[in-house]
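Each chain gets a letter, A, B, C, D, E and F, in the order it is written, and its residues are counted from 1.
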């Protein structure tokens, strides 16, 4: 026990760890591709959404903004006519 | 103890339970009628509210209304200028 | 121990307590004056804010609601006329 | 700017170095003397990479599922005293079946819209509870922490009830109080299924816990199950919410079978206006009555009345808004996950669960039928006409059942809006179930 | 669609049946071996319906109120070690009196608008705590769970203080710092009533706990009461909030009696503009000072300073908004219910409560008088005129007392707006009370 | 109106007096018999004012800082068993140094905008934890209560992760899945720094806890530190958040050193549209995979997947909004304060902290370099061009690192928007770190 070379152990952890991380992600990538293929085959979307929306909390504020815009537009049309 | 007929017991529970439920609700109905009579006698409401509002959390709706008003006002000013 | 005059003790507490309270506040007042002098010397504000905003728990939302309603009503009257 | 930041970092390091060098010796000595008591670190033995990989393999979920004799124990929030070694089925195929059931619940919640607010968190909790080796439902896992925080002590169901109280408008009931009796009749769903459960072989206490599904009220079911039969909590909660979601499927055929076309076409008058003081006093009246008659029901009715009183008082709107929104949402997330922890294979995959599912269906059907029949009787003796359909709303399942009534009614006579008339029995059903729950608790006290 | 749903249900049942049949034997065997340890079910003995009804009657609240020798015990969140058999008065008429007092509090909160945000939840908690047989204030009841969660450990009052800190603007105090001394003078309300309480026969520690009512600050009162005299927590909290609500009634006569018409008509100049860095540094300065002089006060002042610093930093607005809204609302609901649990007849209906009520009134009056007199003295020596009325705001009761000052001032001279000038002593009173609390704690440490 | 209020007060007093006089004798007798068990009050001995002032002086913070042999003990949320007498340095100069470090953190959070949402509460917690005599980090202090409520059991980091899951959009990753491998390469930052930490003399378990800083993910760091090396939690959390904040300073030089100008100018095509079902299934796929391969990572990945699934299901928006707003805000406040309690001088001012700071810097640098190099390799073999800069986003630090990539990229070629392409590796880095964390946990299980 006293003679364990901890640095060698750390390198072994690195081999195991990076191996598992890459294994996990490679399988994940294949599953993503597979599900994309299956989904787009069996549930083709007529008006698909763009994926290019930023990572962020689309929380209340945004919803309110949307609601506000809808309401404002409606208001506008009323006033025009 | 081993000879208890559990189904008979269950029926007894039913008698007791439904009895208490109806006792409770009948007394409650009488109290509601009594309080309606007393309140409308001693505190007649001049412009009473309708009770026909749906059960729902009004908070969200209100917030959206506010947002809508703000947006509408903003929109309006833009259009004027 | 049995002969302690509790009322006398209470008065002693008063002397100690009021002494510490005033000591604390007097030092605090001096520190406030000192920091005001230092801050306004080294970080002079070009467009300083007024301190005369009320302390109150009317949270942002409520204030906005009020502002929105006022604005909406004003708007309304304008449109009618 | 960057230079300044790097300078700051350096400064930080310098301050640290100088202070650390002073502190080190002394602190270390303290630290070490103390570290013996702290986290026990096992002596580490060197392993080759292939040994490491081998022992890693034994910690994978795949290995755990295919090796059933690995000595894994069940998880319970109460800790080791309630845990036992897992059976071979429970730790392998059982988990797989439960995960399939969870996926079915996801499908029902998302694609079918069946009470997603609770079914989805419950199902996700079930998924997490069936993960091998992770012990998420144990006392130190996330689900176990949640369970002990608010389910074992019945705190979360009461908070939900408080929020529901703050969302409920008793106006329709106050406008037409006698419809409260319809909410009473529907409690036959509870006691009828109690008889049924005993017939299926459940003991009286378990049968009582199960029968409360007939109350069609989630928090009440969870509250009672936790008191009378905590091992069945998962199945009871899932049954309660599933059948509440199935109300639009279960009720209409029964409603149509028990009524004539003429009865279903009955129109009901406009409701009288309700004084706001009536609404203000009502929660206090209900609570006082339950204090006098049935103290066992006061945790439920008290929480409900507090929420409603807070709303109707109109002086603490910021608190009542919080009850209806952020507080009830937070608690709903936790309640769902915590209840879901009882969907672990070792707890859910027992024959009882099947019985519970069957009795739940009976309970909803009997409750609906009893409500409709009672309404037919009342219609006979009432001066003002009563559409028997509104009796079906007495099972509670607020506000779903009332909407179903309105929908069936307007199918027979377009424009016949029964919604407000159905809300009376609907909210009375909540009170009725709480009373029935109190009776059952008082029997087994 | 319905057919599809029924099909799904069937599928579900089939999966379940097939798996259950596999699982049953094994699981049952596990289950049974385990069930011995789980919920103990009493052996059930058959009863006739009339026997059932009879034993049900004994569980009604009516029976409990009229039968005082039923061996009921008091409830305490700390559990059996703090409980004792109830006295005849406590379990019957005592409850009724407490419920009447609760109704009076409801009336004051709703009809009179007296601090409803806390009085109403406290009163409702008191109502729930006085329900016979339900033991809602016991360790397993809702109120007891809340009490142990956040009152026994003083967590909730500190969170409230944090939220209040995030709502407070120290601008007026920073603009005219010497008005802080008025917030100091008003602490005579605390120490004067300490003397009064000792005269009434309270021991020194209890008297100290009671006297803090004079601080006119809810969380501080609850914090100190919990440390020095937890049995009196209910009465102290109710007194503190009641008199804070009565500030518009108590203060004006005292203010008028101690000032001349000329003094009340004094106008004060426009306040200087305050730099935002002053506001940012202020909570840190206060906290550092209390660390150096009075560490005992740092839980209170630390929580307050954190809230204020979070707000003034302007970089974590989402957290400071949460402190001011959803978090403080949730905690207020719980704090109210938890404090209300101390309104149980067995805890509240003791002679001490009457003494506490009397001393509370003295405390507010003395504090107001001391503040006004101090302001008169300062006016004599100050270059800029100081309206003595603003001294009354030093008792805290934020922001009610400052509004009362402004109202009384504008009655003498319409258009004389003292509100902002009164806010300085008002918030200084909060700090002064926390300091006084720290002194009392340090004495009894 | 005032007369009426006074009348009510009188009435209240009368009711009280009459009932109290009845209750007093009985209640008092109960009360006294009970009071022996309740709060123990020390017998009080008379003191002169100067004696009082003298003993008060001994409770000041100033006295405590200059008198190091006063027998003060350290504080620990676990209570007395983990406490020990404080060293002279720890209780005097050590505190002062820590408070200066806290002020530095305030400066960085407020003036520099470095991750203020967590650095500011952590720093404030550190300030409170270093107050002499107040024991705020002990089991009865505010910080200790928070620590035991949600950090000792890892509940809070998981709730944060749930909220982050509900805020994350996996669209960019799904559109271009192979970029996930970049999030894998960046985990060299973890394992490289593990080697480094062992070289510096840390034992393997501590080194593993420290190395997770390289994951650039706050909740994961706190989760692992709490499991493997709780004594170092403060330093690890501070290092993790500090370096995440420093990402815009640390990364660009490394990115530029490892890439040619041509590589940095590479443009990437428009991403394909992602089906909403792909987004819905993705969290379930990730969770199932981690169940099969690595159950140890399922608490983290499970919480994250639940949040994301709740959002993408679109049927429980009120719950997912709560996760993203009030719940995550409340937990962030508590997590910050609780983690800050580990900045007490006796825990933080040890040589290990300096090592942790150094290793943290290595970890971020190595992770960035590995990501960029991996991207260069992928660019060689890929049909579509891959800008190597996006590899730097693989360290996570969502979304800061992706923004840095976009900024550096647009410096070389204005209008070249890499943000969405960088988001793929960015969120993959979160998953990769959770997997790496699971591997480390499984080794030390």
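We adopt the following convention: contacts are C-beta pairs under 8 Å (C-beta built on N, C-alpha and C of every residue); 3 or more make two chains touch, one makes a residue touch a chain.
Note that this is a predicted model, so its numbers are computed, not measured.
The greatest centre-to-centre distance from subunit E, using averaged C-alpha positions, is reached by A.
The chain pair from B-E, A-F or C-F that repeats the B-D interface, sharing more than half of its contact pairs by residue number, is A-F.
Centroids of subunit A and subunit D (each the mean of its C-alpha atoms) stand 30 Å apart. Chain centres here are Cα means. That of subunit A falls 42 Å from that of subunit B.
Measuring from the averaged C-alpha position of subunit C to that of subunit F gives a distance of 32 Å. Residue positions 6, 9, 13, 16, 20, 63, 69-70, 72, 76 of subunit B are each in touch with at least two other chains. In subunit E, the residues that reach two or more other chains under the touch definition are 44, 52, 56, 203-204, 293-294, 321, 325-326, 439, 443. Only residues 1, 4-6, 8-9, 12-13, 15-16, 19-20 of subunit B touch subunit E when the two sit together in their complex. Interface of subunit F with subunit E (complex): residues 2, 5-6, 8-9, 11-13, 15-17, 19-20, 22-24, 26-28, 30-31, 33-35, 37-39, 41-42, 44, 52, 56, 59-62, 64, 106, 109-110, 113, 116-117, 120-121, 124, 127-128, 131-134, 136, 140-142, 145-146, 325-326, 329-330, 332-333, 337.
In the complex of the two chains, the subunit E residues touching subunit B come out as 43-49, 52-53, 56. Subunit D meets subunit B in the complex at residues 167-169, 171-175, 177-178, 180-181, 183-184, 187-188, 190-192, 194-195, 197-199, 203-204, 207-208, 271-278, 281-282, 285-286, 289-290, 293-294, 321, 324-325, 398-399, 419-420, 423, 427-428, 431-432, 435-436, 439-440, 443.
Only residues 81-82, 84, 87-90, 93-94, 97, 100-101, 104, 107-108, 112, 153-155, 158, 203-205, 228-231, 246, 249, 280, 284, 287, 291-296, 298-299, 302-303, 306, 309-310, 313-316, 318-319, 321-323, 326-327, 345-346, 349-351, 353-354, 357, 439, 442-445 of subunit F touch subunit D when the two sit together in their complex.
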